[in-house]
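In the two complexes below, subunit A is the common chain; its partner is subunit B in one and subunit C in the other.
Coming up: the complex of A and B.
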């Protein structure tokens, strides 16, 4: 009995020690890949090209995006069903979750890392949460002065100075919510932001907010550095024109790439990329492509953009050289090559090949394939380095 | 006896459990601050504004710099005495160290995180080490074709594609060392790089290498994206002219700031900053300042630059608005305000006040002081987010 007791005691002592031997690791080279059909994400190590965790229970991820805490330890995953899930990348588990709306399209994190905002369709508006606890800090219903129902909110981004900017799809407005002072956010509303803004982006310097319009041609631009920021139209001919194009076929503004002196953006309804000067917003060139581009993703140095395509060409990737606007490489990774992410210094690009259940890894200069991971119905790939950049 | 035995057994079981209860943390918000007089660095948590470790034994840090591993777990600290020290930021200890030359001035890490290069004065040349083990991978003596002794090497930076670029001070050359293929690096040598290049920078897109010249006016520029890169002179009037200025009074090229469309750089021997267009390299404006500027550090969005000064004005900081080139703020943090570092999204700036043994933390928009840390003779401040950017 004494022997059994001693063995039991020894075992009970060793168990806690074993539980703490989790490997110490940095978080700067981690990331997540969304498994869109199973409500799960895999946590990946981009240095070792390996999957370190699979985390389940994130709800409907058929359309999902993510942002990261400033320490790069946590991902905040925004799901289509209004779920906001905080994932601990080190432990490989959910550390917080709230289903905060009926239908939701994306989110953002403030520059100081303290607030997470979510952009909701139903009910229309933006909710803001404490990044640490997920407590609700603010609820901003998207009710315009023009009357009518609450608008779906789209194009939510963070801006320097603890601000969020978003567009009201139905009312055609753009709002800035400034959380830099204690208490309720200070709202600045631009009531004339064009017809049916469906998406937006902010440039990496936090200066330019650009919204795509579904209800008319052109885009709406706000220069946030102006003494009195105001909405202006740029690229007046950019749009669907008279074509009957459903809104989900309009280009994602996160499909724009900033490459040095140029924005590179998918044309609407054409097999082309447009190049736009970043100082003047004038159209300066065109690249003819293999199909209708969905995403143009810039290599971090801005020298190349990798482009993927809508059906029926979504098995193909083209690489465009930005100074010459020429296609310099083309390859077929597999069926439904849908999302790309570059490592922060641009040495590799990772690519989801959804219908092959694979993520491929390529050398970003030689285009050689370096490896692959088995991921089930992979969609979005998000690396923790996004925590260091505005608008991502 | 049995009781004592049981207690001893229990104690010996609990001890390992206690040893593993080190707090799990992310590494994205960490940093180091050099304590220049004591051969030590402090590891800081920029979210909590706290010191988490002090690490000693790094040799002569009177002039020191650092780069970070891609996972942001390790700092590689380059000391004046030729020491290369790998510091584990999580454990707060030295995980590797080599004194690899007699006198050294800086280092860099490759874009894939696998190679660490060090730039040596004595003997003149560059050594390259395996980032994981610190094994020597390559030794590149700075022997030019012009004969003579080995040159001091300066202006060492990383460039996309597993390359390093550096200048030979005595011989007036610039070399590119390309490690993208297995085996010995492929060297490209620019034999006519001006007289006595004393420092250099590479732009964040990895496109422009710019070297300052001590032996003549003007700077040497290489556009790395050209089909056939070559050296060119830019800013022909920039320099010390006929003044008898010692080389250590020449501006550090890491004192240049890229702010949107402009480079902001200290003038030589004048109380001025110069603004230079990033597309044309032409001088487009001037800011009159309080003293001789040493470092102009851009807020990450490029809207402001914070500037510090040489003696006798090194108790003062001025903030310049870049679009208007006007000084918009001035304050006196204390004696020897020598180094500044912004958080990656620019919400805070940290400032070493060496002779007050303090590091101050400021809100980068309101300029309010948010806190301070006690650090002994602080000099360089380096945040782990540098791992995500070329040239840092």
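Coming up: the complex of A and C.
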């Protein structure tokens, strides 16, 4: 009898997932980590530093990303193969899935939480789905007014007022799709967005949309608060005179960092971050770095940015103090340090070290390592608090 | 795309000698790099993304030498970088052959 009790006890220890699902709990401290090679995500409890579920069957998750429902119970995961998967974080299971295109690159959720938009490479365009049922609501083929084929779309973000904004990679345009009225979305198109926009960001206040350009120096900026928004090229001269290095991985703009009156962006093809004045959009400073930056992710207070790098420097992280534009810390967490995510008020940062099959957890103020999790080929890390922020 | 290959070939290309034997360790490293680093743009299943699709069916009519040239030297005006600083000609040739034969997936 005692043996049975012991076995039962052992069993309950070995079955944390079952214990969790039975337990009443919130989701505000949960998140997901993409396991890019196995088509799975792990659901994590960021308070207990533990994995509570592993959800499989999400397809090709190279370059996958995720957004969250307003109640922070569901993650919408955007796969490379066109798969849009809705994951129930509490049950640890897939609650909806559609393969909506042949090839995709991320998405966004509307401010009211009702629409999920996906950015597609093939066929090029944006599709918008009902967040509850994943039924198709709108299909927006990205065919430029200048003619040509459907363009790949990139830099898709949500903007206040049930709007989505995205860039046309091949056509060099920026479009706004406004779903505030019933029926088909109202499209506003900017035809002069620069050569090969490859990614974009929207500031947390929903005011500035900035697209990075691969085909020319500079970035394209739209002030969405203007009576008549228009495109403006900023940082036109940032790379001039310097030889551009081969870009082994495209920088990502989503982790844009803002502190006071400046924000910082990764430079394409240079070992640099660029500091920009948030009012004039003039280039006001440069941070020299260890390698070509991929993400420059701001700690939520905006004081520091954590930066990771493209090959062959992708084993290193640098921390930049934004007011002084100085590198104040550097360390080597391991091979392919790919993605960083801060807890909502910035006490910790979680970091995927892909080729070590580990996720590290650091104190974001002392830089001390607090723990690690075994995760298979981890890439993107996404915490549910993203649900409360524009553009994430 | 094919025109681009030929122009590139005419310009400076001298055919790479038959790839010398790479160690199994190096092949594993290269395979890993193709899946995980090249895969950011070309997809883990090589179905493409921002970069071209690289399955055997997509590469039909493209010989391994042209592909190795592109790997080493990149594509001007496009995000495909020159990988010459990170891999040598034998390694590029091995990757090119493995891709045309569908051996990396």
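What we mean here is this: the second predicted complex is superposed on the first by the 356 of 392 C-alpha atoms of A that agree within 3 Å, B and C clash if a C-alpha of one lies under 4 Å from a C-alpha of the other, contacts with A are read in each partner's own complex, and residues count from 1 in each chain.
Throughout what follows, a residue touches a chain if its C-beta (ideal position, glycine included) is under 8 Å from a C-beta of that chain, and two chains touch if they have at least 3 such contacts.
Just so it is clear, the model here is predicted, and its values are computed rather than measured.
Chemist: Touching A:173 in the superposition: subunit B (first), subunit C (second), both, neither?
Modeler: neither
Chemist: With both structures fitted on chain A, tell me whether subunit B or subunit C touches more of subunit A's residues.
Modeler: B
Chemist: Applying the touch criterion given at the start, work out whether A:47 contacts subunit B, subunit C, both or neither, answering first, second, both or neither.
Modeler: The answer is first: A:47 touches subunit B but not subunit C.
Chemist: Which partner does A:323 contact after superposing on A: first (subunit B), second (subunit C), both, neither?
Modeler: Touch status of A:323: first partner only.
Chemist: Name the contact category of A:248: first (subunit B only), second (subunit C only), both, or neither.
Modeler: Touch partner of A:248: subunit C, not subunit B.
Chemist: A:214 contacts which: subunit B (first), subunit C (second), both, neither?
Modeler: Touch partner of A:214: subunit C, not subunit B.
Chemist: Given the touch rule stated above, what does A:198 touch, subunit B (first), subunit C (second), both, or neither?
Modeler: Touch status of A:198: second partner only.
Chemist: Look at A:372 in the shared chain and tell me whether it touches subunit B only, subunit C only, both, or neither; answer first, second, both or neither.
Modeler: neither
Chemist: What is the contact status of A:35 with respect to subunit B (first) and subunit C (second): first, second, both, or neither?
Modeler: In the superposition, A:35 contacts neither subunit B nor subunit C.
Chemist: State whether A:341 touches subunit B only (first), subunit C only (second), both chains, or neither.
Modeler: In the superposition, A:341 contacts neither subunit B nor subunit C.
Chemist: Just to be sure I follow: which residues of subunit A are touched by subunit B in one complex and then by subunit C in the other one?
Modeler: none
Chemist: Quick one: which bits of subunit A touch subunit C in the complex? Just the residue numbers, please.
Modeler: 36-37, 60-63, 80-81, 102-103, 105, 121-122, 152, 154, 169, 196, 198, 214-215, 246-250, 311-312, 336, 354-355, 377
Chemist: Per the contact definition, I'd like the list of subunit B residues that touch subunit A in the complex.
Modeler: Residues in contact with subunit A: 6, 9-10, 13-14, 16-17, 20-22, 24-30, 46-47, 68-74, 89-91, 111-113, 160-162, 180, 205-207, 225, 260-261, 279, 300-303, 323, 343-348, 365-366, 384-385, 387-390.
Chemist: Which residues of subunit C touch subunit A in the complex?
Modeler: 32, 35-37, 39-41, 43-45, 47-50, 74, 77, 79, 81-83, 85-86
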